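Two complexes come next, and they have one chain in common, subunit A, joined by subunit B in the first and subunit C in the second.
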Partner chain A sequence: MYVYLGIDVGSVSTNLVATGEDGTIKHSIYMRTSGKPIEVVQKGLKLMQKSLPIGTKVAGVGTTGSGRHLAGVMTGADVIKNEITTHAIAASNVVPGVQTILEIGGQDSKIIILRNGVVSDFAMNTVCAAGTGSFLDQQASRLNLSIEEFGPLALQSNVPVQIAGRCAVFAESDMIHKQQMGYNIPDILAGLCAALVRNYMNNVGKSKEILPPVVFQGGVAANAGMKWAFEKALEVEVIVPPYFNVMGALGAAMLARESTNRRKTGFRGFQVADSDFCSGGFACDGCPNICEVVEIQEGGRVIARWGDRCGRWSNALAKEEKIS
Partner chain B sequence: MRVTYPHMGHMWICIKGMLEYLGVDVVIPPPSSKKTMQLGVKHSPEFACMPLKLNLGNFMEASQMGADTVVMAGGCGPCRFGYYAQVEHAILNDLGYQYQLVVLEPPQKHITELIGKIRYITQNRSWFKVIKGIRLGYLKASAVDKVEQRAYYSRPRELRPGATEQAVKKALAKIVAARTPEEMPAALDAALEIMNGVAVDQHRPVVRIGLVGEIFTLLEPFANMEIERKLGNMGVEVDRSIHLSEWINDHLFMGLIKNERSSKPAQEKGLAYLGHTVGGHGLETVGSTILYAEQGFDGVIQLLPFTCMPEIVAQSILPQVSSDLGIPVMTLIVDEQSGDAGMITRLEAFVDLLTMRGDTPQLKDRNFGVEECPQRMRGHTSA
Partner chain C sequence: MSIKVGIPRALLYYYYHPQWVTFFRRLGVETLISQKTTRGLLDKGLKSTVDEACLPVKLAVGHVLDLRDRVDYLFLPRIVSTARKEYICPKFLGFPDMVRHTINNLPPIIDCNFNLYHKGSSSADFYFQVGKFFTRNPAKIIMAYNASKAALDKHNLDMQSDCLPQEHAAEGSADSNGINIAVIGHPYVIYDNYISMNMIKRLRDSGARVLTADHLPESVVREEAYRLPKKLFWTINQRMVGAAYHYFSREDVHGIIHVASFGCGPDSFTGELTERCARNGSNKPMLSLTVDEHTGEAGMVTRLEAFLDMVRWRRNMADAAATL
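Let's turn to the complex of A and B:
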């Protein structure tokens, strides 16, 4: 059996997906990044190898997410793509004809507008994290709830309370005030979901034309309260696809299939999971920018560098490679 | 008297040429860097925009190199930048820097006001010499712009990665080396010859993006995280809506030099959406977006420093222009941040969007507009 691997290294979660040649998902893995992208990717590869039938061959690898370059050099990816494009590709394959993608992850939220199957517009949150998964996480733990309980509880609400949604700081203090006045938890949670949706619509969704079918994906889509709040605000059905939390990885796998068409994969094999990768950094002293250069080493050999503005270090490596 | 001035892209070449021709001792601050930013941020009002912070950092670094006089643009009209020279001077005074301040303002009535100021800096050289010096400065600005425009073309098409960057460095050195207006034509020829020497693949398909927005963030590569180079390396041919020589001609010479690129057409186009100048380059941003759409560019990116009022006005108008003319527009706001991963992600996604649109011809000619969308909803629906 041949599979295509997609790896999405996000700020909060790292996901791996293996798809068959027909694009169906054979196995998916969702893990917390916990600030250690290298270890998590290695662990994910090990888990993936175990769960795939023996003799499975990897025909292509794609990486995405904010750690895509790191995962790319580690695995020898065939394609390294930004998360906006991969999410759009996955959604338009899973829900054909999708016109709007609402995506909320741990650290960022984005909206992607598609027309005729092609991305026509997108926006990402810039200066505000109020509408993201991390904020929900934090509020849930403040109320002593696990994030899994959040959604079902919010759905029990009869009268959602009004909560300020412009800024996470206002939202939090508003929530505390409402809670101390004696409103019950489900109503507060439902109010919080509605406030976050308002914040999302004003920050990310502003001046975008939201047409159905609307797909809601990313880790926060697990929260039924958020789905309810989006449906109420948009007055259309909001679809949460079955693999909503690994859509980026799925898109990367699909792109890997496309890019290895009539070409051999650059995948370095599952054994990279046992390689000794280490990342280090140093401050370049070439100019007053003092760039923090990141260096990825495998078994003592430098395999990648980035972080320098002028290309002094990253280009130096590229040249060395060309000669050898 | 040792004169310094703030950085804005390659502007230093033009002013250095002019002042040195007039016998002024010039101190060029080191190129804007993280250190410049740190110095500026530490001593500036928090709500000021990034240009003020970088200017201030430039002056503080130049002072360590022995500068004692600041020459700064200013005046009524642009935006709050018009007052930055005075604010920066006051901050420098409070910090104990002994700086003289000369503000070069767009003349209210006649170009002689400007020449008078320059004569003061140059300690009363003859009018003739001063005018020749200004001409040298203008010629240099214009030559630098020509080199940059060649680089826009060759960067996405270069056969050897990095060839354009090296050529730009060499070409600019030729322009810097010219000392008199008489040497300029030869220097320009030499510079352009170097630029033409970059081997390119003329048939490579490229995406074309117009850059619009606030002048400082457009011109200063440190401020815009080298967006031109980043896009160029992604296979994008860029064009910048504002060039230094054009700004000098429009604002300082009041359009004295004819048949040169000017911001007039952009201003006139912009009037269709914004009946008024709103300070800074707000009107030009709207107008240039329309011009780029008409010239068949694939997309437009608007750049502005955080809290820039004129550009915020323009930003709120651009979605309408975008949907009327069917040209995708993305806005990037820059501030102190130095991590560029977020910017690269956005640029890549935008380029992907434009490439995919370009591959789908029926989409390219289409205004993704109102008629076909009965259930149209605006983003401001609330729960």
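Let's turn to the complex of A and C:
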């Protein structure tokens, strides 16, 4: 059996997907990045190898997410793509005819507008991370809830309270205020969901034409409260696809299939999970830019460098995995 | 030893440098341009500027600091207006004073008024005042002024015939697969390699031809800008809006990128005005980017990459549709 691997290394979660030659998902893994992308990718590869039937061959690898270059260098990816493109590709394959994709991840939120199966517009949150998964996470832990309980609890609300959603910091003080006034937790949570959706619509959804079918994906789509709030705000049905939390990885796997079409993959094998990768950095003193150069080493050998503006360090190495 | 005048490589330097440099040279004055923006230079600027100033002004202060101890005079013209009944941003007007009151041990500042707001005003007045710092011979000033004007006219013509400012001329591969991207933004943002994070080079490296407002003759830009219900009285923003309108209506331009700098008031207007144009009556993709003190390039790279993917994808679809 041949599979295509998609790896999405995000700020909060790292996901791996293996698809068959027909594009169906054979296995998917969702893990917390926990600030250690290298270890998590290695762990994910090990888990993936175990869960795939023995004798499975990897015919192509694609990486995406903010850690895509790192994962790409480690695994020898055939394609390294940004998360907007991969999310769009995955959604349009899973929900044919999709016209709007709402995606909320750990630290970013984006909207992708498709028309006739082609991305026609997109927007990503700019400088502010209010209204993303990290904030929900933080608020849940402040209320001593696990993030999994958040959604069901929010749905129990009868009268969602009004919470200022413009800024995460102010939303928090507003929530504390409401909680000290004696509002119950489900109402506060539902109010928070509504506030985040308002923030999303004002930030990334601004002046976009949102037409059904609307797909909601990314880690936050697990939160039923957010789905409810979106449906209320948009007044259309919001579809959460079955693999909503690994859509980026799925798209990367699909792209890997496309790009290795009858060509040999660059995948370095599952044994990279046991290689000794280490990342280090140094400040280049070549000019006043003082670029922070990152160096990825495998068993003491430098395999990639990036972060320098002038290319002094990254060009010093051989070039397939050159960044962007 | 001849007198040395320092010109910060910031703000309207990007419009007027051929004229300024030529003028001083003809007067027998040596000019020293501050070095290209680096992180060290921006950091210095950030530390010595008031909080409310926008990023380009903070950067300009950094350039002033770079020149401070190396020149006999600092050339910081008080540019009030460069066209009749129009203004330049008030921060430019106050810039020489801002510098004078925040930085110590400055060399003498040449801060003559450049004001063409009123009927009958001419840029010659400004150059006369500047010239008087160095010579008492009016004929010499007139000759220098004429030569400087010719240099500016030539420079503008060069720009219109597809030579971006000198720093960008040689970079990247021009026109390979025929994608044309218009970059709309303040010249001192988009031509500064540091704060624009090499945007123009990145676009060129990925095979796009970059067009800016400076590729258009002033008459075209103004005519387009008059489509607004009311005249925009900020010259640069009028240029940006006019150029954006022009490129939106051009068949051979495949996408438009609007670059705003964080903290710029007028940019928030032009961003909105261009975006409205993008939504009504045009289906060209548009990307809005905001640059600030951020040094993380990932966000910019991801967005540019996704934008180019989208433009190519749409173009291929259009090509396919045309052959049906």
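Miscellaneous remarks
Rule of thumb we're sticking to: the second predicted complex is superposed on the first by the 318 of 324 C-alpha atoms of A that agree within 3 Å, B and C clash if a C-alpha of one lies under 4 Å from a C-alpha of the other, contacts with A are read in each partner's own complex, and residues count from 1 in each chain.
Just so it is clear, contacts are C-beta pairs under 8 Å (C-beta built on N, C-alpha and C of every residue); 3 or more make two chains touch, one makes a residue touch a chain.
These figures come from a predicted structure and were not determined experimentally.
Clashing of subunit B with subunit C is the outcome of superposition onto subunit A.
In the superposition on chain A, A:Gln271 contacts neither subunit B nor subunit C. Contact with neither subunit B nor subunit C is seen for A:Gln180 once the two complexes are overlaid on the shared chain. Once chain A of one complex is fitted onto chain A of the other, the partner contacts of A:Cys287 extend to both subunit B and subunit C.
Shared-chain residue A:Thr24: touches no atom of subunit B or subunit C. In the superposed model, A:Asn158 lies in contact with neither subunit B nor subunit C.
Contact comparison for subunit A: of subunit B and subunit C, B touches the greater number of residues.
Of the two partner chains, neither subunit B nor subunit C is touched by A:Ser146.
Looking at the shared chain after the overlay, A:Asn116 reaches both subunit B and subunit C. In the superposed model, A:Met124 lies in contact with both subunit B and subunit C. Shared interface residues of subunit A (contacting subunit B in one complex, subunit C in the other): 66, 81-85, 116, 118-122, 124, 126-127, 207, 209, 287-290, 309.
Contact residues on subunit B toward subunit A in their complex (touch as defined above): 30-31, 33-36, 161-162, 225-226, 306, 319, 323, 328, 333, 341-342, 344-346, 348-350, 352-353, 356-357, 360, 362-363, 368, 373, 375-383.
Those residues of subunit A that touch subunit C in the shared complex are 66, 81-85, 116-124, 126-127, 207, 209, 287-291, 309, 324.
Residues of subunit A touching subunit B in their complex: 66, 81-85, 115-116, 118-122, 124, 126-127, 160, 194, 197-198, 201-202, 205-212, 229, 232-236, 287-290, 309, 311, 315, 318.
Against subunit A, in their complex, subunit C makes its touches with residues 38-41, 194, 198, 202, 262, 275-276, 279, 283, 285-286, 288, 290, 292, 294, 298-299, 301-303, 305-307, 309-310, 313-314, 317.
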